[in-house]
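Labels for the chains are A, B, C and D, by order of writing; each one numbers its residues from 1.
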């Protein structure tokens, strides 16, 4: 569209500069920015707001659209990552196509990174707004893409989190498949003795849940089964599951990852020998099967965690140690149990009470300094007691190591199949650590339990339910809308395409295929608009909607001149 | 090198069960007026930790930290978030020190007096006449034999005659 | 109103003038204090108890077994009060303790069930605060009093069950009822250091030095105490401190009963104020208190 | 999926209630949300940033507030309370008292003119009484619904039959002094979710803070007060000054477990303080790189995702010194600088340190009014008066069809509250869909 055409169309841009409290306004003069923006081409209105995203700010946008006949809106503020959907919805409520909105990031990429350079930050913000306004002029209306939803869910992992998720979904009336690698459901709970902080038998507890799952309507259990391939996108996944050499394909609307975690291999740590020096997990099996007769027992916390290689706290080990200590005391009140620890992790109401109970029952706690690690000898441990700055020797005939939960080795493969990320410790990475704890950034895929981070049974269950809820928000609809700013091969560019398929190979979302007619086709529901294809296309045949060459060049020209 | 002594630990616990609740938060030491002016020489928290582990050698023989520096002001008892009755626990430790003859001499003088007179300070002639001048009545204190019978029963007499350092 | 009177050792046998003032005050208030024959040492919670806990319990219980007044027993000494309340506490908390104690008492033909009420004399004064106010004849105007509660008057609160262990008010209010001003000062609730006298004299002096320093800085012109151990620490060690450290403390130390008695119109002479090492005469002159 | 005929009732409009409401609404279920305060947002709205990412709290919350307000499946009753609940799982009915705010919600555009002219100055609850608001006020700047409220207890018209300046000022005719409290009856409620959050110990019992001079020493604040001071929209615009002398603090001591883990106050651990303290210290440091931060703690409780590395960053990049020593008491010097006595564990020595400001991590307590609400709902509370939940199923209550999430049943951080909120929504949906 030429300048002339724009004038004809009567493009009227409104600019809203957000203070974001003091995040932006604390460093640069937002009012002045807004005033100066009024001079930019096609700008019909500009103002500044303390929080443009507040109901007050949104009302101001709508009011300005009406009063100034705006047909393009620019918000200069925090980040589109969290706020673009809100503003799009806002202008759409005011009657504009949501894609006639442009976000200018003057917080995350400006005032935050240039915190110490107010003037430069101001100049940069001014440039960014100028560029954003120029792009806004070129914006075209786009339509969201409607996608049909298959009302069926698949839960991967038949532990306590996965079963909770599957039960809830099936009770809500959704066809649910529960896939478990092992030949029976229950996961780690099958091997535990009792469950903290209650005197509840693990097998009894998990047995009840398993029988609920087995009796549930709409719920199909696939044990000894493994997911081997996942295609498709939200509402329309095709999942291949292998069972005893046969492969079945399932049509699935939403997927829940509940694959749990593993226990660190303790080989080489603190003289581990699987016999006299064992893990808490091994201790549980012993407790389950017979009495612990040893009199002097030492437990060591943070074995292989909170160290450089594995910096995190596994959050369940302190409670596990307390539980096993109390269970041993139960069997044998004369046993001497000493727990060597760093920080006792017993948050909340019942756990803190449990810690107190352990002290009451005579469990001893000796704090050690990670700089002076306990030294394991054949029949005794030498430990430097930080509380009294004294080296102590404690005899043992059973040494129990509290090893952390670690990410499953095969998380990576599943993550690749699902196109979801892992974090540094190879646990699954959720969409937003604070407000989207059970979502992935990828639509239609959810997570619960210790596949995401070590959690106790209570949290595993509530997260299982949470993932079910999130999946249900998709499955409850026949269709949903997905992002319209996708890649496309416009009719007028088709002649430029040589069919080299480079785009097919580079697309990280498998959204580009060569169809039956031997033509490049973009599956828009899968496309995230990342732009890799267009950047790679040697003939510049592919176009990214909302990020067209014309739109981007207009920004560059606005900054540096033609 | 210290070794946990469960026997001694149990002895303290039997005397005062609140010991087990301590989680070594340092409230007692931070609030202790003596700890503040003794550069760590006196530290109620450390005594408690040693008691938890039954480190009798440290507590009674080495007296590290020195329990006799406790002024019995009871501030720690009042502040302790786990309601550990520290002063009571120190009492047992000091009783043990006494049995081992490791205590400041002034204490045995008081004990001696009680054993001998039934009261800690016998009435001197001067005081008796001062009392008369002030119009105060004469006091009939406990029969000494009765007190001595009692103190024999509690084996206090043996403790006292043993003497301190 | 009537109480059995438990005198203990330090006051009657070393500081009888404190006893004199207290007896006068209660007589004037019409509260009967009944002398009881046969009391031993309470015994000292900072002395005998540290030698042997069970002896402490046994002697304390024996003393309490001698009381038969419905009003319970009153003492002028915080140490005695702590012991007697403490013995009650331990006997009532644990039946085995009660049995053990009575096993000892049996040998001397006594028995104690643990139900004699114990009160500090300041408690009783506070409970009769209106009457105290009414009885004041010579308000203590110009007296800027640093109230030293002392530890055992307040703590452990679970045993003492009187006043707030960290924000006490009772003695301040009594002092103010007499027309004097109670001056707030740093370290108000800290220990005077007296019990350390037996184990580390220097430490003991350092503690009282810190207190006196804070009291002086706050502009108080005298100190009031409710315990003979604190009294001795403040009174007797002031001069020693001056000699040792070159300080120039000269703060009159009053027993609470003495202040009350003065306000009730008793003469310093009949109270034996002349036995004080730090003489209050200069204070009386400075504030225009006619004696 | 068929559109269910039963609706959900959500009590509490904090982040937990909001998440539960949004999930249910997105499932196509009608949601009634009841919030006691004039606006939804809860505690999270009061926070400056959130750990461990230090995301701006209101910035990530605001879109959710708007979403809640606009969602066609959500009916919001703000400034309202649930008074009566009858029936059982699948078929509850409820009576809601909607208090008169004396503002026509559809007319008010939150322009603020009325508040500018209102002569009555009142302690601002949202800002923890660290500043004044007017008798006609916006609960907080970004609050939803974005309308004013008249504080009947303080308004001159209601107290003295005078003034009514706001009425004359309002260009939109939005003031309505004749508005009455309304009782609204809702039938056909399939399931109820209780998410009324928490209070802090200072809200119900300031006594326990007296050893720390709180209320007496001007340079001793609680953590939530400090959070408001750090907030750009708070009483000091995000530039922290001491109340005693308006100076920027250079040394701040953060004291942990104030009331928590105590046999004298609350036995439990408040779960979130170690982390938010680190965050608050970081933000303070961001404002002033010369700042020295001291955190006095018992056990560092950092088990959540990214928490350990958050502490490391605090130590290495934000000048935070973590000292294992619980603080018993605070005194002040002649300049009102707090003085803290603590034990140095390495040497066993007891040391004094003078700081400029003290921030108390006070313990979380059950929300005010929980006893009454539990009675109305017929659900049980535990020994601490949090909502009682059965073993391992933290979103269930003692009554079928009534679920719970967030701090109303146990202290927890935002991610867990949000997860539980979704979890409770799933369970509520089961009941509503007759599963």
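Criterion: a residue touches a chain if its C-beta (ideal position, glycine included) is under 8 Å from a C-beta of that chain, and two chains touch if they have at least 3 such contacts.
Computed from a predicted structure; not experimentally measured.
Of all chain pairs, the one linked by the largest number of contacting C-beta pairs is A-D.
Legend note: the chain whose CA centroid lies nearest the centroid of all displayed protein CA atoms is D. With centres taken as mean Cα positions, chain C sits 67 Å from chain A. Each chain gets one centre point, the mean of its Cα atoms, and the points for chain B and chain D are 49 Å apart. Distance between chain A and chain D, defined via averaged C-alpha coordinates, is recorded as 25 Å. In terms of their C-alpha centroids, the spacing between chain B and chain C amounts to 21 Å. Chain contacts: chain C has residues 166 touching two or more partner chains.
The set of chain A residues that touch two or more partner chains comprises 344, 356, 387-388.
Chain D has residues 211, 261, 299, 329, 345, 347-348 in contact with two or more other chains. Taken together, the touching pairs give a contact graph of some other shape, not a line, ring, star or complete one. Chain pairs that touch one another are A-B, A-D, B-C, B-D, C-D.
Of all the residues in chain B, the ones that touch chain A in their complex are 1-4, 6, 13, 20-24, 45-46, 49-50, 52-53, 55, 58, 82. The residues of chain C lying in touch with chain D in their complex are 166-167, 186.
The residues of chain B lying in touch with chain D in their complex are 21, 23, 25-32, 35-36, 39-40, 43, 45-46, 65, 79, 81-83.
By the touch criterion stated above, chain A contacts chain B in their complex at residues 336, 338, 344, 355-356, 359-360, 362, 364-367, 382, 385, 387-388, 390-395.
The residues of chain D lying in touch with chain C in their complex are 210-211, 329, 331.
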